[in-house]
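What follows is a group of structures, each given as structure tokens.
You will see two complexes here that share subunit A, one where it goes with subunit B and one where it goes with subunit C.
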Partner chain A sequence: MSLQGKRILIAKPGLDGHDVGAKIITLALRDHGADVIYTGIRKSPDYIARTAVDEDVDAVGLSVLSGSHQEMLVATLDQMKAMDAADIKVFIGGTIPPDDHAALVAAGAAGIFTSEMNLEDTIARLEVALA
Partner chain B sequence: MPTQKEDEKGIKTPSGIEVPVVVSPDMLDGRTLGKPGEVPFTRGIFPDGFRGRMWTIRQYSGFGSAEESNQRYRFLLDKGQTGLSVALDLPTQCGYDPDDPMATAEAGKVGVSLSNLAEMEILFSDIDLAAISTSFTINGAAAMIFAMYVAAADKAGIPRASLTGTIQNDILKEYVARGTWIFPVKPSMRLIADSILFANKETPRFNPISIAGAHVRDAGCTAVEEIGYTLVNGLAYVDELLRRGGEVDSFAKRLSFFFYVHMDLFEEASKFRAARRIWARIMSERYGAKDPRSLLFRFGVVCGGSSLTAAQPLNNIVRVGIENLAAVLGGAQSIFTCAYDEAFQIPTEQSAEIAVRTQQIIAHESGVANTVDPLGGSYYVEYLTDRMEEKILAVMNEIDDYGGVIKAIEEGYIQMRLAQRAKERKEKVDSGERVVVGVNRYSHEGEEAQFGEVFRLDPGNRRRILEKYQATRDRRDNDAAQAALRRLGIAALTDDENLMPLLIDCCHQYVTVGEMVAELKSHWGEFREPALIG
Partner chain C sequence: MTRQELLDRRALARQLSLAGRASVADVLSEADSNFKTEKPAVRIGVTGPPGAGKSTLIARLAASRLQHGERVGVLAIDPTSPLSQGSILGDRIRMDEIADDPNLYIRSMPSRHAHDGMADNITGMLAVLESHNFDNIFLETVGIGQADYSVRTLVDTVILVVVPESGDTVQAMKAGVMEMADVYVVNKADRPGAKRTVTDIQSVLALKENNPGGWRPRVLQTSSEDGDVLLLDQAITDHLNWRRDNVDLLAHRRDQARYNVEMLLNRRVGELLADAEPAQLDRPISDIYADLVGRL
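Right, the complex of A and B next:
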């Protein structure tokens, strides 16, 4: 299995500037054959949803380390629905306490990745999810 | 003791310096160490080290509203903390008011919301600004917050000259690592030079910049790169200050630095010894500084950050203790120790107290502060210091060869390097090549991370922050506020006036950070992040 041919948008919603994780995952996904667009920091959910649609991606990965993961996920999903793009899977990663995972899944997160997760495992899970 | 296998493949420090099994005297460069407080400053910038003055215990703290942060500060001061360090929320740091659509989800979240002078007054109520030193971690909007602090002192009747503390005010590393940039590089450099030149005159005891390597380090680079990138940034500010008419012996003594301390005890201590030598030499030889104080490489540190783990979090107390020791052995002037739960949340009062106690145990029980530079003359430490110096200079030369740090930032060169380093570090931890206890060795199989007591922000905060913000705007003399803002805008159009007095006028009229930033943005534009190419 590989991510060859998959288009993925890695996005930093809100004002959080902690972009190490987003950049690591961007480089790692490229190593595994994916076509990755990284938005850069400080993007609005609206911008992210529009970019996802315009770039015709298979998945969006939101990176949030400011504690605003729930708000940012919901806002992005709402925008994607409004653009008839609810079929694009949205994953979320960052500093996310275990207690918050259930609410993110309930809100529509296709998967949750935290910084201590092994990079190879993260890629493998994505390969399955996007197969 | 290294096993035979490890011995064959060689052991290197995290910066890639060969670690001999035993260091012998002939491995040293034979350089003169000098005395503490004297050129080349390897052994420290003060002749009496910590006997003359203990380092400042300065915990980064702040969250929610100004009222809640004020309460936490008074708690920390009560526990024996000797300086304040204000954590600001992201909207304030990025120059957005709490009612901005970009800001609403983040107001008061990772720091305190400080949109105008009224909030600054609440933040320091019952705290004597003349008696406490305060550090502000703010960069893109640093000049505005510095102006607000001066305005708060003015209003409280405290002489500006008595203010002590530090404002981070280091935009260059924001472009590559921390991300709270606002304006493009050129006007940002002007704003920084203006605030430094203003401070030299009006608040001579205040450090108007803290040139920070901490964030590039936490973003992935090595200790060598951390010092190298920071020194080139420091020199870029020196060049800008000279361009703005500053004199090296007026401003250089007020330049300060800020770094991370991670886990390799001797490499971390050595990097500071090497950095002191390099800085003193450049200030003297390249810039012709004559005042001995212009040569002093003064720095604060933070212990913890990305070296901490969410798994088995109590282990972080030990990590921070070792890093704290490295900082003391390296001769830090102020130290912030992260709380053990800081890898994943805002510290609780209990974890925040342990972090302060760690410093106090090292200061008062361990005995390491009793003599200056106790590592001086250690074969290994002197060998490492020599090697660090060589490698730091190589990093600085690499940036010079690229065309200077500003070009390297605008073209995304340093950003790409950091991303690659971060990925390498992650892969080394994943593969087990780099041991992290509790994560890739001695981990509890299948165990969920135990976070212990969880810190929760009051969910009513955001509403209260917005209400207070609106009330202050309703109450102020709006004509006077708009007039101050217009004067700021006019001065921003040309390069000849120092903007600090105009920003202070704005603050006195309760002009908000968001308004000042928006006004300047309308003339200067915004920084555009280069694409991640690799």
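Right, the complex of A and C next:
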């Protein structure tokens, strides 16, 4: 399987400056054939949603290590709904304690990825989700 | 005025995806497509080596047009990996300062099969953009080498962005993209050597014969460190004005037709070669060639 032809936005919402994981994911997606738009750090949910719409992406991946994963996911999904783009899948990764996963899924996360997972599994799951 | 209507960003974005992904067969079956343009946009091509500052400069040129209430589209191309076919599309992050303007639309595209600084189906994508009533369209090429100048055929004004110390007068005299620009910009003028690079380019341009009434390319310096891009804006306006009275539009359209057909053929040949049985490629070149022409 491959991500060829898929357009994916990798974004870092809020004030979180930890960007190593986001960059690793960005490069790994490219190496599996995806066209990846990387926003850089400190983007607002509004900016992320608008970029997702303008770039007509198949998926958005948020990377959050600051602890504010729930707020950032909900705010991003709200903005996307407001822009008539609720159909674009939103994944989230980073430092996300297991206890918080259920709430993220309930809020609409299409998948959750943490540093305990190996990278090949992460990519394989994304390939399945976007096939 | 249609332009006052709000841009339908989602529709535009999807139309661009479709146009960008079209196969050779798709393009041929939808040729002379349904995207109608009421008023052609001014098309400005921005080209130059990787990292010269093309995206940053487009953001500044776009900002001054947005301030005048104009609608601005940016089509920015980054390279496709020959290994994975994936890409990192990183031009738009240089345009964050203007990103929330409702009259701005930025779209990033991978080059895919194109090897000339452009992307597959660039003509179709430009037509889609134009059908949404943009006043200006900026086309940013992939970071280029010396011999990629297809952008010339697709736009009204070509800006070549270089950086200080990009060689001496010998580089400036070489054939290829150095002959193609309407405006030369030595960007990163905050770095040493900018003045020298400007002079080198100017001195070579001065040696060229100039037809009376012909366009004399401008050479300017810019820096993201200092305020405005007024001189560059003026040079672009002057070129567009000159062009209106002097360019043979029929010849320009014919160049575009030639380019479109050539690109489709290139892609088709690429497809056929990729599908060829490896053993077929062990034959003499003239046989492979004849076989391929036969299958086109």
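In this text, the second predicted complex is superposed on the first by the 131 of 131 C-alpha atoms of A that agree within 3 Å, B and C clash if a C-alpha of one lies under 4 Å from a C-alpha of the other, contacts with A are read in each partner's own complex, and residues count from 1 in each chain.
Everything that follows uses one rule, which is that a residue touches a chain if its C-beta (ideal position, glycine included) is under 8 Å from a C-beta of that chain, and two chains touch if they have at least 3 such contacts.
Fair warning: this is a prediction, and the values are worked out from it, not measured in the lab.
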Worksheet item: Taking the superposition as given, does A:T51 touch the first partner, subunit B, the second, subunit C, both, or neither?
Response: second
Discussion item. Between subunit B and subunit C, whom does A:G40 touch in the aligned arrangement: first, second, both, or neither?
Written reply: both
Worksheet item: When the two structures are overlaid on chain A, which partner does A:S68 contact: first (subunit B), second (subunit C), both, or neither?
Response: first
Discussion item. Under the stated touch criterion, which partner chain does A:D99 make contact with: subunit B (first), subunit C (second), both, or neither?
Written reply: first
Worksheet item: Now for A:D87: first (subunit B), second (subunit C), both, or neither, which partner does it touch?
Response: neither
Practice prompt. Starting from the residues of subunit A touching subunit B, keep only those that also touch subunit C in the other complex, and list them.
Written response: 26-27, 30, 38, 40
Worksheet item: For subunit A, which residues are in contact with subunit C within the complex?
Response: 3-5, 7, 26-27, 29-40, 46-47, 50-51, 53-56, 83-85
Practice prompt. Could you pull out which subunit A residues touch subunit B in their complex?
Written response: 14-20, 23-24, 26-28, 30, 38, 40-42, 44, 66-68, 71-72, 75, 95, 97-99, 114-116, 118-120
Worksheet entry | subunit C - residues contacting subunit A, complex | 9-10, 13-14, 16-17, 21, 81, 83-90, 92-93, 96, 99-100, 105-108, 110
Response to the item:
Within their complex, subunit B touches subunit A through residues 90-91, 93-94, 96, 101-103, 105-106, 109-110, 174, 177-180, 218-220, 306, 309-311, 343-345, 415, 418-420, 422-423, 426-427, 430, 439, 448-449, 451, 454, 457, 529, 531-532, 534
